[in-house]
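A, B, C and D are the chain letters, set down in written order, and residue numbers restart from 1 in every chain.
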Amino acid sequence: MSENNFKKKLKKVNQIKITKKTSITSLMLALNETGFNAKRLAVACEIYEKMIKDPECVKFFGLAGAMVPVGMQSIIHDFIEEGYIDVLVTTGANLTHDIAETLGYHHLQGDINIEDLDDAILHKDQINRIYDVFLPNEVYEGIEDFISKLDIPSKDMAVHEFLKFLGKQLPEDPNSILKIAAEKDVPIFCPAFTDSGLALQIGFHYKKLNLNHFSDMLKLIDLAWDSKKAGVCIIGGGVPKNFIFQSLQFCPTSARYAIQITMDRPEPGGLSGATLSEAISWGKVNEQAEHSMVIVDATIALPLILWYLKSTIK
Amino acid sequence: MSENNFKKKLKKVNQIKITKKTSITSLMLALNETGFNAKRLAVACEIYEKMIKDPECVKFFGLAGAMVPVGMQSIIHDFIEEGYIDVLVTTGANLTHDIAETLGYHHLQGDINIEDLDDAILHKDQINRIYDVFLPNEVYEGIEDFISKLDIPSKDMAVHEFLKFLGKQLPEDPNSILKIAAEKDVPIFCPAFTDSGLALQIGFHYKKLNLNHFSDMLKLIDLAWDSKKAGVCIIGGGVPKNFIFQSLQFCPTSARYAIQITMDRPEPGGLSGATLSEAISWGKVNEQAEHSMVIVDATIALPLILWYLKSTIK
Amino acid sequence: MSENNFKKKLKKVNQIKITKKTSITSLMLALNETGFNAKRLAVACEIYEKMIKDPECVKFFGLAGAMVPVGMQSIIHDFIEEGYIDVLVTTGANLTHDIAETLGYHHLQGDINIEDLDDAILHKDQINRIYDVFLPNEVYEGIEDFISKLDIPSKDMAVHEFLKFLGKQLPEDPNSILKIAAEKDVPIFCPAFTDSGLALQIGFHYKKLNLNHFSDMLKLIDLAWDSKKAGVCIIGGGVPKNFIFQSLQFCPTSARYAIQITMDRPEPGGLSGATLSEAISWGKVNEQAEHSMVIVDATIALPLILWYLKSTIK
Amino acid sequence: MSENNFKKKLKKVNQIKITKKTSITSLMLALNETGFNAKRLAVACEIYEKMIKDPECVKFFGLAGAMVPVGMQSIIHDFIEEGYIDVLVTTGANLTHDIAETLGYHHLQGDINIEDLDDAILHKDQINRIYDVFLPNEVYEGIEDFISKLDIPSKDMAVHEFLKFLGKQLPEDPNSILKIAAEKDVPIFCPAFTDSGLALQIGFHYKKLNLNHFSDMLKLIDLAWDSKKAGVCIIGGGVPKNFIFQSLQFCPTSARYAIQITMDRPEPGGLSGATLSEAISWGKVNEQAEHSMVIVDATIALPLILWYLKSTIK
C-alpha cells in the first residue's frame, strides 16, 4: 500500500438522510457510504445481489442458531424459493423446529423481560426456553407421531437424501424449509444431525438406522469441486460454517463471494468468529473474493437482506 | 409468576414474511412478534414512539461512540429537529467531529477490509483511523481556526451554555448537531468535555477558561427533577449513560420509558453494559417502566429507528 | 425472595490481597468472595472440585474451540489422566490436531500482532492460520500417512469405538488426548465427526466406511441415564455442549453440577451462549444444581482450573 | 513480509504442562508460548515488567469499570504502593467507592445466580445493584458526612489537586487508592468527575465550587510531553483510555509500551474497544511499541498481573 494509492481510495463518508422517500434499496446504498457494521451490512447485501446475478455462482448457505423458533423460518423458506440458496447446511435443531412448525405446532413468545422468568417453574410447566422464545414439550409428541409413521427407504442412505425424503413426507406449507428444499431440489446437509431432538426420535424408533454421514461429506466436496464459482453466506457460524468451508478448499477457485452474519468474534480463536480473511490462508475463500463479515444479530440482518434482495432482483 | 398466568401470556411466534408491500412500519410490527434482538429493536421503536406521543415525557438522549465520523450526524440532527430529543448528553469527540463536518471538512471511508491497512503508514500520512473511517490531521487545523476566533462571553460559564454559544457561532448546515440544538434550544451536556480534541484546542487558546462542570451536573438534575415523566434513549453507553441515569435518580418517578442500543454486555460489570433492569434497583428506571435493551450496532439501529419514527409520527 | 432473607444472604466483598504467600488455592478462595467473572471462575473451580470428590458423579466434559492448536492439549490430557473426565465430547478439529501433535508434528506461533499478517501470502506459503496460531499444510500429509495404514475392524462401528481404536494405534505420547482416553477407557464422542480434516482423509481412503453416529447418540443417552449424579463442564459451547445437554435430559436427576467457560453470550439466542439457568427449563440441569458460567477465554481459564484442581485434590 | 522471513519467525506452540512446581512466573512464561488471549495476557505481563524495569518509563494507568465494588481496590492500591503506577486516570465512580471502603463501609456480594434477583425489591430495600455486587444506600450517608466537613482550600483548584486534598483527609487504610496516591504523590485524574455520586454530594454542599477540569487536561499533557518514554496500561476503556491517549499524542515518542485489558471489541467503532494498532495512526502509540490487548475480564487479569509483577520485580 503506497501512500498516494491509499489516499486516492478514500472517499467522503456519507452523512445519511432518512426521508419520506427512503426505501430499503436507498437505505443500503446510503449505508454503503458510511462505516462500521452499517457499511458491512450494506456490502453484504451488495455481495449477495452479485452472487444471485452471477449465473456461474453456486450459492452455499450455512444456517446456525435458533432461527426457526425465533420467527425466521419463512425468511429461509423464501431464500430457497427465490433461488437465493443452492446448497443449505444447517443444524438438526433448525430442522426439528421446522418440522414442528410445518406440522402445525408453534413456538411461543413471552415478554422481552426475561429477568422475570423462573426456569424451575418453566420446567414444571414443561415449557422449554430458548432465550425469550418457548417450546412446550407437547410439540415433541407431534413430531414423534410424524416420525413413527415413516417408511424409510434405506437404512444407510445419506443424511441429505433422508432429509429430502423427510421434506416430501411433510404437508404443504408456505413456510417450511424442508418442504420447499425438497420441491426445489436444494440439498440440505446436516453434519451434526444426531445432535438434535429430531434425530433422537428417529434413533428411538429405527434402531437399525445408520444414516451415512460420510456420503454427505463427500457429496458436499463434489458440489464444491464442480462449482465454477462459489459464493457463501454464513448465518451464525458453528458446524455449518466449518462444513461448508472445509468443502470450499476443494473448489478450484475457492469462494469468490463470502458473507457472514454473526455475533461471534475472532479473539477467542474459534472458527465461528474467525474472519473471512483468515479463510483465505486455508484456501477456503479466494484472495480476490469480495467478502463482508457483519457483527449483528441475524434476526435483524436476515429480514433486511431478504427485503433488499426481493427489491433489487428482477 | 404463577403457572397459569405465565402460560396465558405466551403468544405464537410470528414467522415473518417479507413481501413487495413490506414497509419499515410493517417490518417492525412483524419483528415485534418474534424474539431475540429483532423483537427488542421493534419494542425499542414502539417505546420511542410512545415517548414522543406522551406530552408529559421529557426525552433524555445519551450518545456515545464515533457516531458522527461514521455518518450518523444527520440522523442525530433529525432526531433533534423533529423534537425527538429534549436533552442531549454526549461525548466531546462527537462534538469535535460535528464541528469538523459543519465547517465543511469530512470524514473519509476506505475499504471494509481493514486487515490491509498499515497504521504506521497512516501515521506518516497524517490520517487518523477510527476502525474503517478516517480523519486527516488537516481537519484539526480548520477547527483550530474556528476556535481561535471565538469571543467567549464568560470564562466560567457552564459547559452546556458554552456549547450553545458554540452552536450559534457555527454556519448554517443541514446536518449539524450543535447548530440545530442551539436553534431548537435543546441543551447539550458533555460531562467529559476536556476529554476531546475540541477541548484541547479551546484549552490551548483560552488558558484562563474554567468552564463550570458542576453547573451542568446540577442543571441536569434540575431537568430530571422537574420532569413529570422521563424517557431515556441511550446509544452506546459510557459517561452519557451514567450521567443521565445519576440524574434520573432525582426524577420523582424515575424513567418511565427506557431504551438502550449497545454492543456492551452486563457480565463484565461495567455501567455501559448493565441491564435496564439493574437500573431499577438504583431508582434510575421506574419498576413499571417499559424498557428494551437491544444488543446491536448503533449504525444499523439508528437509521431504522429514525425511519420508523418518521413513518409513524404524525 | 423476601426482603429479610435476601439481606441476610449478603456478605462483605473481599478486597483481595496478593502477597508472597499467594497460591492458586488461596487466590481462588479470595476471588470467591468478590464478584463478576472472577467470582464465577472461583465458583467453577469449587464446583469442579466437588464433582471430583463426589463418588457418585459422572463427569461429562464438552470441548469446542481450537484448544489443541493453541497449546491446551496437555491440559486436556491431564484432566483425563487425573480422572477429572469420565466422558469427553469434542470436535473433529481437536482430534485432528491431537493426532498431528501425537505424530510429532506441531502447531506454530507467530507474533500477537496479527494486523501485520497477509493471508494471501500465507496461502501461497501453505500455512493455515487459526487466529495467531499456524498449521503448515505438510502436517496433513503426516496425518494422511497414518490414516492410510489403518486396518479398520468394522465399517459401521460407532464413532466412539472408532476413536478408541484410533487412540490405540497412536504412539505413546505424554500429551495425546486420544491415547490417554483409550488407555483410561474414557469414551470420546464426536457428533460432527465428518466436519473435520481427519474425517476427510478417512473418507477419501475408506470409501465404504459408514461409522455409526446414531449408536453414539444412543450410547451417550445410556451413560446419562445410568448416572446417579451427573456433572458437566463445557469449554466453549457448540455441538459438544448441545450433545451433552440433550443426553442429560435423560439423566434421572439432570446435571447436579454444571460449569461453562465461554466467550459466547445469551442475547443472540444460540445454545452456545445460553445460560445454565435456561438449561433448567429443559431438564438438562437440575434446579438444585450448583452452576457457574464464566465469560472468559478458555486458554486463560483452563490452566488455572487444572492448577487449582491439582493443588486441592488429594 | 517476505515468505522466508515470516516462516523463520514462527516457533512451535508450547503444549503447556501444569505440575506441582507451577508458579505464576512459570505459568506466564509457558502461556507466552501459546496463542489467543492466554498469550496476550502473558505478553501483557512481560510488557508491564519491562515498563517497571525501564527507568525512563513514565507509567500511565487508566482504570474504568466497577473495580473497587468488585474487590479490586487493594490490587490498585498495591500497584500504586509498589511504584507500578506514576499517573492514574479513573472514573468518579471508582473514587466514590474507594472513599466508601476507606471510611469503613463495604460493598456486598450475593449469589452468582442473579437470575433469582428482583430489582424492584432491591429498590424498596434501598440496595443498589452492580451486576452481582451490591451497595446499600446508607453508604452514601457516610460519604456525605465526610464530604460535608471538608474545608476545601480553593474553589477553582484543579480536579487532581482536589483529589490529592481528599486523599489526605481520609483515614489511614491498607487498601485506599486515594490515600496511597496522596502519600506517594501519584496524581489522580478524573476527566468525568461530575459523573459520580461523589461529585453529586460535593456539588450539593459546595455550590460555588468550580473545580478546574481544563487544568487537569493541560497538566496531563505536560506530563506526557515531559516523558522520555511513556508506558500505558488501560483497564476497561472509556474516558480514562481516551484521556490518556489524547495526551500521549503530545509525548515526543508516543507510548513505547501499551497494554489493555478489556472485554470491549473493535467492530462497533468505539474508542474503548479500538485496537492498540489503531492508536499508532493517531500518534498515541509508537509504531515500534510493544503492545498487547487482552480480551478478558479485568477481575481475572488484574490479580494475575499483580501476582506476576510482585513475583518478578526485585
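As a convention for this text, contacts are C-beta pairs under 8 Å (C-beta built on N, C-alpha and C of every residue); 3 or more make two chains touch, one makes a residue touch a chain.
Just so you know, these numbers come straight off a predicted model, no measurement behind them.
Asks: Going by average Cα coordinates, which chain is farthest removed from chain B?
Replies: Chain centre farthest from chain B's centre: C.
Asks: Just the number, please: Cα centre separation of chain A and chain D in whole Å.
Replies: 41
Asks: Distance between chain B and chain D based on Cα centroids, please, to the nearest Å.
Replies: 26
Asks: How many angstrom between the C-alpha centroids of chain B and chain A?
Replies: Going by mean C-alpha positions, chain A sits 33 Å from chain B.
Asks: Residues of chain D that touch two or more other chains: which are they?
Replies: Expected reply: 35-37, 66, 69-70, 115, 117, 119, 122, 127, 130-133, 263, 265, 267-269, 277, 295, 297, 299.
Asks: Looking only at which chains touch which, which shape fits best: line, ring, star, complete or other?
Replies: Drawn as a graph, the chains make a fully connected set, so complete.
Asks: Quick check on the complex: what are the chain B residues that touch chain C?
Replies: Of all residues in chain B, those touching chain C are 35-37, 115, 117, 119, 265, 267-269, 295.
Asks: Inside the complex, what are the residues of chain B that reach chain A?
Replies: Interface residues on the chain B side: 1, 3, 6-7, 9-20, 22, 24, 27, 30-31, 33-41, 43, 66, 69-75, 78, 101, 106-113, 115-118, 121-122, 124-125, 127, 130-134, 175, 263, 275, 277, 291-292, 295-297, 299-301, 303, 306-307, 310.
Asks: For a test of understanding, state which residues of chain C touch chain A in their complex under the given definition.
Replies: 64-66, 69-70, 93, 119-120, 122-123, 127-133, 156, 191-197, 199-200, 202-203, 209-218, 221, 236, 238-239, 242-243, 246, 263-272, 274, 277-283, 287, 297-299
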